[in-house]
Amino acid sequence: MQFLENWLKLQNVAVVSKVGNKDSEKAAINVTRKLLAKKSKVYTISPIQVQGAKTIESLEELKKIKLDLVITLGGDGTTLRVFRNLENETPILTINVGGNRGILAEITIDEIDNALNQIQKDKFFLDKRTRVTASCGGKEFPPALNEIYISRTNLTKTAEIEIKFQNDTVKQKMDGVIVATPSGSTGHSFSLGGPILHESLDVLIITPVAPVYRLESIVVPDEKIEIISSHDCNIVMDAQVVKSAGFEETITIKKYKKPAVFVRLKKRGLRQMSKLGF
Amino acid sequence: MQFLENWLKLQNVAVVSKVGNKDSEKAAINVTRKLLAKKSKVYTISPIQVQGAKTIESLEELKKIKLDLVITLGGDGTTLRVFRNLENETPILTINVGGNRGILAEITIDEIDNALNQIQKDKFFLDKRTRVTASCGGKEFPPALNEIYISRTNLTKTAEIEIKFQNDTVKQKMDGVIVATPSGSTGHSFSLGGPILHESLDVLIITPVAPVYRLESIVVPDEKIEIISSHDCNIVMDAQVVKSAGFEETITIKKYKKPAVFVRLKKRGLRQMSKLGF
Amino acid sequence: MQFLENWLKLQNVAVVSKVGNKDSEKAAINVTRKLLAKKSKVYTISPIQVQGAKTIESLEELKKIKLDLVITLGGDGTTLRVFRNLENETPILTINVGGNRGILAEITIDEIDNALNQIQKDKFFLDKRTRVTASCGGKEFPPALNEIYISRTNLTKTAEIEIKFQNDTVKQKMDGVIVATPSGSTGHSFSLGGPILHESLDVLIITPVAPVYRLESIVVPDEKIEIISSHDCNIVMDAQVVKSAGFEETITIKKYKKPAVFVRLKKRGLRQMSKLGF
Amino acid sequence: MQFLENWLKLQNVAVVSKVGNKDSEKAAINVTRKLLAKKSKVYTISPIQVQGAKTIESLEELKKIKLDLVITLGGDGTTLRVFRNLENETPILTINVGGNRGILAEITIDEIDNALNQIQKDKFFLDKRTRVTASCGGKEFPPALNEIYISRTNLTKTAEIEIKFQNDTVKQKMDGVIVATPSGSTGHSFSLGGPILHESLDVLIITPVAPVYRLESIVVPDEKIEIISSHDCNIVMDAQVVKSAGFEETITIKKYKKPAVFVRLKKRGLRQMSKLGF
């Protein structure tokens, strides 16, 4: 978590709701109206239409618009989806509507008025989080905020997976491997035995999936990690985008050039912990 | 482990080697000759041919032959494959040739003469192991000695999996679930955090795969377990046979009617432990 | 869980509350009165006094009385304490008052009238649970329903602990070892990574505590387990009674000759699971 | 791992062997002679005496001498003991003699000549590692390179332990808690389920010991951690020094003002991994 210029205009704001979720669509319309009343130029994503706001066709078009803020209404899936479609370091204010745990969320819909006021009075901070990106065979895949999951394609073959970091190589038969960011430490990596990381750390977690001889999660600086599987595998970004790699192809995972930026109104700390019930 | 009649004829013996492995094929020819010298009728699997022995076309044909013993030369994969293709409680003598850990193996190829002598002198015991079988949509799938692994098909959807046992239901989001026998406790279930079980126990292990909120392995009596996934899934028997089930279809897992029977020459006990290096 | 004679007189009943807990003492007086109204002879433990009931000085005296039933009001600690002080297979009806999780409890205080009625109508079953007992240097220690925890005495020495079972020995440096029953599988063993076991199983769990090289829990038939530590250690029964053993002394753990018997009114199954929140 | 001035005089060198270990004492004498031949002033610890070297009475006296280098011969215990007794950032060259895993060791005794040559030719780097120190009731305890282990004193009481970091508090019943450095990530914390950390990271691992409801290791920036136990507890530094704290007393754990400095001759990377057998 880095202290940045605490100054945020609300001139151009996009409002994004959870796909196909009535509650979050209703909340999005509500938030859009509040923003219009504050004289913001507001963008909504089709099929959400609000008089006075501009409706864009799809999330992908967000990349072309210069935005001051995006407000997401939904669960963590919605937030992950938006970050993947932002070109710049546009901050997101995350509102939990219909999400399960909403670990990434900052506020609930009841707190929206107060949140917009705090933002206008510069009473917030920007929480910048490390993201990762995988590349393979000359192609770079979309960035992930939580994790990149490499999973063998063939259920009857246990892949031998080689993990290279700095000058070291760890090699073992396993079903796959997860490279998670601190943000993703409470997600898929956690479900497979990984530790919980403070969100501010500049590190990555390598969590082996079903290693034949137990192998613990390894936490490393956020430098280049290379992964080579003896069998074909899928590469999954934030459980939303699936790509593939051939056997023996090197998959390179690196810190993404731009962080994900959250607008935070509350205290710093282990915010993931409380969402997990600890 | 149950004490049985310690008496085994070597009249009809099949010899099976690891598919495509030269060392184990050579060892199979060697063992076949030893058995022929002992006046056994010996069956080999094509392409293994030995003068005086009968070559059958495929493993599936073993079902039709009345056998006193099968000798496997290979790793655990070979042994698992043979057991799945035996209709009766024919015992197997497992010889580790080219296997990785060979947790199921009893002897190495150097010990074969001694082993055949011990068998002829009734100095052995039969080690009967629980097997499991899954059924779904009216079809029963081939039995598994180690485990049945139920795995979501879609990498971008976390399935909600319901596990029913006796009068209880455990329900959680996870990637899949493994139902392992004591024999399989050192296999895939172990890789995902499951306990090691004494081979003789009449129990099954339910090991959740990547549960969203950590859920430990559960050990239960070897009675019916029902599993229902909110999304389509694959059902994998001993990492060798893959079937599929639709979402919300009940997958029923039960103890298989016939155990797997091993010829054992050495002391009883936690034989899996030493193979794991403990 | 075994089906037994479903017949229980309420002629001689002891009522035991959590030591020093006002709520459970009040509940005990209440229950005692209900039993007296049903013409039972009731025993309370000092300082609890109820007109018409007999007050005995301490829990230890329960051993001398022939009882049909004991009713405990408190948490699991109270139930464990009572079982350790019962000589015979006297069943216990466990009422959760002021307990944390009350994994062993059957009912809450609101359900007492219904429970006594069900008992009188023989609508209950007896749930018999394996217990364990440790002995060392010729002395047998009090039995434990949940677990026996062997822990090095010296915090600056990592003990080498030898675990012998049947013909096998596992030896490794660790801080201690827990031998838990199925009832205890959700207790201390669980906290240290052990599996959850169905209460009815005739098995024991060996859970290593902080093994230098990771060693998983091992589940074995409820036969003799011998443990030898290279350094002095404590032997703790159900986290309530502490004994000691010298270095290299053999600690023998065995199934206790008499099970713990619970009166159960509800369905059989994985009753521990729901108490854990699954 | 930070790149520092690669320049190290061998004018004043101390040689320390494992207490009471003949092999390491013999090796120490050998190394001392090699250093004397290089015109170094050499200090040995009583009872080791070598003609031409100065023998000091105890490790504690090292603090008073201005040293360029310490050479340790023994296992990790010896290295940990020496670091605790160095006032300054004196680098240590660690030689594994008679150690078990020797995770902290750089070379074996056979490599000593080459190592001294490399040092004289400035072909080495200094590997600086975070250390931690605990304080309680106004007293600061000796620093630890690996970990500080807080353990309840009373085996029949499960302590409620409060862990405070930045603005967050995690509170749960458990037996104790370990705060480990990256160096200590392969030690006691690992044995209790903690992740493996790259040695260069500026983080600490908080590993709960036997938490009643499973709680994973948490990795945080190396800032102040406060721990409060509801029951008396021991505070153990590197499994070598034991102090105590009363119930409800705040134990403060912080990064120690001076790092431990190792002389390294080989490549950087996950050096702990290979020592663990991965």
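Per-chain numbering from 1; labels A, B, C and D assigned in written order.
The working rule: a contact is a pair of C-beta atoms (placed from the backbone, for glycine too) under 8 Å apart; a residue touches a chain by one contact, two chains touch by 3 or more.
The UniProt protein names, listed by chain, are A, B, C, D = NAD kinase.
Because the structure is a prediction, the values reported are computed rather than measured.
**Student:** If I rank B-C and C-D by number of C-beta contact pairs, which comes first?
**Tutor:** Counting C-beta pairs in contact for B-C and C-D gives the edge to B-C.
**Student:** What chain is the most remote from chain B, judged by the mean position of CA atoms in each chain?
**Tutor:** Chain centre farthest from chain B's centre: D.
**Student:** Same interface as A-D shows up in which of B-C, A-B or C-D, over half of contact pairs matched?
**Tutor:** That would be B-C, since it shares over half of the contact pairs of A-D.
**Student:** Can you work out the whole-Å distance between the CA centroids of chain A and chain C?
**Tutor:** Centre-to-centre distance between chain A and chain C: 47 Å.
**Student:** So how far apart, in whole Å, are chain C and chain D when each is placed at the average of its C-alpha atoms?
**Tutor:** 42
**Student:** Starting from the mean Cα coordinates of chain B and chain C, work out the distance between those two points in Å.
**Tutor:** Taking the mean C-alpha position of each chain, the two centres sit 37 Å apart.
**Student:** Note the residues in chain B that touch 2 or more other chains, in rising order.
**Tutor:** Each of 190, 214, 216 in chain B touches at least two other chains.
**Student:** What residues on chain B touch chain A, complex-wise?
**Tutor:** Per the stated touch rule, the residues are 100, 149, 151, 155-156, 158, 173-175, 188, 190-193, 209-214, 234, 236, 239-242, 276.
**Student:** Help me check something: in the complex, which residues belonging to chain D touch chain A?
**Tutor:** Listed in rising order, the residues of chain D that touch chain A are 165-168, 170, 172, 185, 190, 194-198, 200-201, 203, 205, 215-221, 267-271, 273-274, 278.
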